[in-house]
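What follows is a set of structures for review.
One chain, subunit A, links the two complexes that follow: it is found with subunit B in the first and with subunit C in the second.
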Partner chain A sequence: MLDTADRSRGSRLLNVATALPIAYAGTLILLICAYMFRPALLSPLLLMLIIRQAAPLGVAVIGQSLCMRILSIDLSFGGVAMGVSYILTSGYVPGGEAVLIACALLFGATVGLANAFFIVRLRASSVIVTLAMGLLLTGIVIAFSQFRAPGDAPALLKYIGQSRISGVPLAPLIWFALLIPVAWFLKRSVLGHYIDAIGANPRAALATGIPYGGIVVLVHVASSLFAVFSAFLLVGFVGMGSLDIGRDLALNSLAAVILGGVTFGSGRGGVLGPAVAAFMLTFLFNLLTSFGLGEPSKLMLQGAIIAVAAIAYSARTKT
Partner chain B sequence: MTDPGTLDHHASGSSAGGEMVRFEGVTKRFGANVALKDVSLVGHAGSVHAVTGENGAGKSTLMNLLAGVHQPSAGTIYLHGKPVVLAGPRAAQQAGISTVYQELTLLPNLTVAENLYLGREPRRLGMVDRSAMRREARSVFARIEVDLDPDAHCGDLTIAQQQMVEIAKGVAVDARVFIFDEPTAALNGPEIEKLERLIMSLKRGGNLVFYISHRLDEIFRFCDTISVMKDGSHVATQPASELTRDTLVSLMVGRSLDRFFPHRGTVRPEAPLAIDVRGLVPVAGAPAVTFALRRGEILGLTGLEGQGQREIIRAVAGQIAPVSGEVVHHAKDGTSTGLAPSPVAVARTGIGFVPEDRKSEGLFLPLAIERNIGIGMMRRSSIWSRARIDRPRLTGLLESMNVRATGPQQEVQALSGGNQQKVLIGRWLAAGVDILLVEEPTRGVDVGAKSEIYTLLRAFADDGGAVLMTSSELSEHIGLCDRILVVREGRLVAEMPGAVATEETIMTSALTGAPFRAHAGAAA
Partner chain C sequence: MIGRLFSRTSRSGIGIITIALPLSMFVILSFTASSFFTAQNLGNVGNQITALLIVSLGQLIVAISGGVDLSVGSMLSLTSAIIVTFDPAIVVPLAIAAGCVLGTVNGIGVAIFGVHPLVMTLATATFVQGLTLLVSPVPGGVVAPAIEALAHGRLFGLQPSLFWCAGAILLCWLLLSRSAFGLRLYALGANPRNASLNGVKVVGPIITCYVLCSLSAVAAGIFLTARVSTGDPTIGAAFGLDSITAIALGGVQLSGGVGSVPGVILGVVTLGLATNGMNLLGVSPFLRMAATGLLLLGAVSLQRRKTIGV
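== the complex of A and B ==
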């Protein structure tokens, strides 16, 4: 009796270990790597900076993981971030900081609504819809910036991006302040249960009477809003508008969500895994830079990560 | 392990020819599921051999082994006395085994002749020799006495004609063994007669025809030998002439029908209404239907496959938006509301829908039992509110439904078909609905669980609920329903009390549209 109980506990532990997101093991490996070759990266000061640097990606990842949990995807993050940056810094929008921020949020909600409209009403593929939306927004912002280049960021965002509270940067605190309630809410609420159900089987969710359309709208609006928050942090870091802001946001957030263990079609995946993955990716890019490997290797790595993670998870779901 | 001697005394039947196919000690496992247990069975040349049994009895699995779709986990298949390994459908075809599937596999954009010679086109100078193809197609059609244009596109053919092309495909490659899997499901009377002539000509040609069907009439009309499967085992093989309908059914079910089904309800005509369907046109071009479902009642919608039963129940369930008409829900407290055609509104009102394909439309397979059932408990909650799962109620329900699982945390995909079905029905019982709309309540469910599900549905109706169901198994309608509505071409052609309905009365109405003869005397 004892023997079998022991063994089942052992196999359960093994199950838990293999079910853990790749990001956990990956982060561990990267930290060991850094310890061996670039111990300077592990100094508290640099680690703190890397966490701060990971915050915008981490915030975007919350939105992306919501989308992927209902088997959707949001590739419009880049366009949203550029749009937000332009709204905040171009000076086109009259009014104070509060007005600017409200406008940016409204803009984000509108983009999310539009994405959801095409996906739910016209049954278009979320990949195509959001990719097109991202490109469209990017194009519009570039066209507009010919007339008026982006300028300075609002002081409030600069403050958030650059200041610290007793040594801890503010940005990651905001990241966690968004992350924890979302995770808690998804675990406890009816909405969270519905999202898991949709992720496990959208057809059954629809037939069972789960308000599928409404949830897709809600998730896409939320996702775009997280992209807006992410852009706030980015603009705050840089201190001014730029046409480069958020270019990698969509792909990196996608990679982080996959590495973080949110699996397509299983309804599984927490919020913590993707957050760790956001840190892991940022740490990885810093490590690569410290090795003197530039942008090209970063891009190749991004592609490889997404491919490997997708393969690993599809292999696991088959067994 | 196997004792082939146990077969020989009853396998010969009235068929004349020698042994053509022999299964010996064949077992097939799918993961932990044993679909076939040590099956030994012989098919003879010049025989039409029925393979019968309830859904999930293993007959399709057995035929899939012969068709090369699956490979046996243990045991051997002999063809003309020699052991064969049928590694895939292609290998089976080359070995002379031809299968006519329920879902047809012709390519709709190709012509009849092209489909006939797909993958082995006659060639001349490296090019497809179309005239040879047409010529050979005609000669094959002549052999089986079928009148078909080799140049017609398969997409334009009726299902019966497509079946003939499938059969011709087998004849063209000189197949000796033909497998028909529910071939008449979508055929009308004259087409069935044509199929019968074809099968008889295959029989006269010394071929072996395996015939899978639920329809007892056809089994006795076409077949000379009948094998009965049950729970993956071979129960018996006997000449058709030595069996009666009743003995066959009791062999299939493994017990007599009156113990298999729960007691019937006592629904009085003045029992309160549960659902009132008025002038409902489920899909464009369909006739309007009007009927009522009363409290305490199990009402069956039956008919031949594809006559519109599915559309009617789905329109009532809000799964498809009807063209016109009205569905009114009468709650237990006397209030009545018109139902909006949406699954959300229907679930909120207190109506549970159990779809026929529980895996693709019903269950969340990777999620725990608790989550699957919990979804139902939340049907009235706002999405922002806290998800409350009444755990004591859930545990009690799982226990009372006799769900065999390690616990409420077990993933639904690890359960057997019967237990999955109980979870799906349990979702709505836990949700406290008072009406169930059930498609195929026991599809792919083993016999023991079937009986439990019947009891469950009866208890639900006795408790003041009401059930509207469809089923492709007539015995289920007859055994379980208080009242049966027969659908033909979308129309309700007959209504009969379940207690006096027989397969004949249902089939007569389903085929001819004639009303139930005893109907005049029965209560509405």
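== the complex of A and C ==
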């Protein structure tokens, strides 16, 4: 503690700069790249569209970042999104839009509870549990769709996905409406401090009497619910059900959270970093598409980004 | 001996369920599916599980060190893409070189930089899948006859898959149970700090584990591509999770230090019989995917760990 006070101002500034999430620098670099090679991408209209496109990922990222704060992970997003899309559009569930949406939320909460049960009660690895859950849900949904193909999305979600309020698309507004309370909650509430404590040192948190298990359950239910909201936005964009919905949600959200400065075992990182990273990834994919690069190079870049960001953070926390 | 085998602290990890599960499955299938207990179907099962067995043995080596490798599936696909794309003379060395590079990258990330193995291998898995699609975007292509012979030629009238299995099992068993490397690996996986304080090197052996695991995926890729006689850039997609399911069913502790070759064989047979059984009973392939998820959930639930989380 003492020697940090002695450090010169310059080195402290440098420390602050290097402690910033990679996403900030990354976004800046991407914007400069776009300015030099594809200035059309920087027009307000296109930027607004990209932000709109980033909204579902951004919402999912909130859930993923909550999980990673408590040293857990949720890779079942793809399965949850598919399940939600099927519930909303297959016509199997009777009742109006409100019932459908309630059913989807209930489904999300159930998946979250099931994940948490395996992770907390049976102490299974959260990666394996949530990957298996994703596999299970995907398998069931695809098998069911053979009997009845998905149809149109509820009008309310289509409205949310496609309409604008005085020129601003509604979807990003919903993203921010979810983001701000979560940020405030994590900073101010007791639960938020508990979450930070678990992230910083789980054993110490447990020894202090923090309700560890209960918080893991809560976080996983919340994370699945964020995945449901994300799927709502996706279904709203497309306007109808699809089995492709949310396929790369889990991996992209993981990449965004790591780029946004939240890593396992540090208890650090804010809510804003991952949100910026969600925009950065979406912008990057658009930039790549404008350069004419296809799916393979996207995958390669995605993998390389996750690996490099994870290595950079680990190297930083070690020193 | 039996007591030691079943005791909670056994290093093999083989429990009653590990043995009872494949046996009961065998019995149930013999009665419910009439075509199960035929020489042809049993030969099919053997062929189907060979690739999974080879990959799972590689996964076992990584799991004992306390890690996990999700990139095996992509490596398998990449091998398949390489075999049908490049000159037949160089495909095998090229695939092996790719495996070495992938394993080294995984190992360096995990052992030197301390990245969580799941995050590291998930990232490399994504990268390699992209690379595979770049090499060969669509299924197809022709496999050179010399490579095809590796899975079709009969030696002493026996199925070639038998030789592949026997070779992989023997190599893995020698490495884990009869070499100093294996002994150190168990020590490292059980408690890296203790092992390191006792003079066991950490970085080298862990990188070696990941290289061996990637090479097992290359071997499985060569066998599988030779058997289906064509290339497919997504042929390995399911192998990452399948191999983890198989070793978890075989009593291998994913937290490290516990696991054995016989256990993995039992786990692979369990998964193979489950898949074959659902095939025979006419279950939709997507429900089979769901069933694998269910099996995986069940298998990891059997191993209570000390910590909650990743």
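Just so we're on the same page, the second predicted complex is superposed on the first by the 312 of 319 C-alpha atoms of A that agree within 3 Å, B and C clash if a C-alpha of one lies under 4 Å from a C-alpha of the other, contacts with A are read in each partner's own complex, and residues count from 1 in each chain.
As a working rule, contacts are C-beta pairs under 8 Å (C-beta built on N, C-alpha and C of every residue); 3 or more make two chains touch, one makes a residue touch a chain.
Note that the structure is a prediction, hence the values are computed from the model and not measured.
After superposition onto subunit A, partners subunit B and subunit C are found to sit side by side with no clash.
Looking at the shared chain after the overlay, A:M36 reaches neither subunit B nor subunit C. Judged by the touch definition given at the top, the superposed model places A:P296 against subunit C, while subunit B stays out of reach.
In the superposition on chain A, contact is made by A:I215 with subunit B only, not with subunit C.
Judged by the touch definition given at the top, the superposed model places A:A207 against subunit B, while subunit C stays out of reach.
Considering which of subunit B and subunit C touches more of subunit A, the answer is C. In the superposed model, A:H193 makes contact with subunit B only, not with subunit C. Remark: in the superposition on chain A the angle formed at subunit A by the CA centres of subunit B and subunit C amounts to 70 degrees, rounded in steps of 10. In the superposition on chain A, A:I165 contacts neither subunit B nor subunit C.
Shortest separation of subunit B and subunit C in the overlay equals 6 Å (C-alpha atoms, whole Å).
Touching subunit B in their complex are the following residues of subunit A: 188-194, 196-197, 200-201, 203-211, 214-215, 218, 265-268.
Here subunit A touches subunit C in the complex through residues 70-73, 118-120, 122-129, 131-140, 142-143, 146, 202, 212-213, 216, 251, 254, 258, 264, 295-307, 310-311, 314-315, 318, going by the rule given at the top. Listing the residues of subunit B that touch subunit A in their complex gives 319, 342-348, 353, 355, 360-367, 371, 374-376, 378-379, 381-387, 427. Of all residues in subunit C, those touching subunit A in their complex are 68, 105, 109, 113-116, 118-120, 122-134, 137, 241, 244-245, 248, 254, 284, 286-294, 296-297, 300-301, 303-310.
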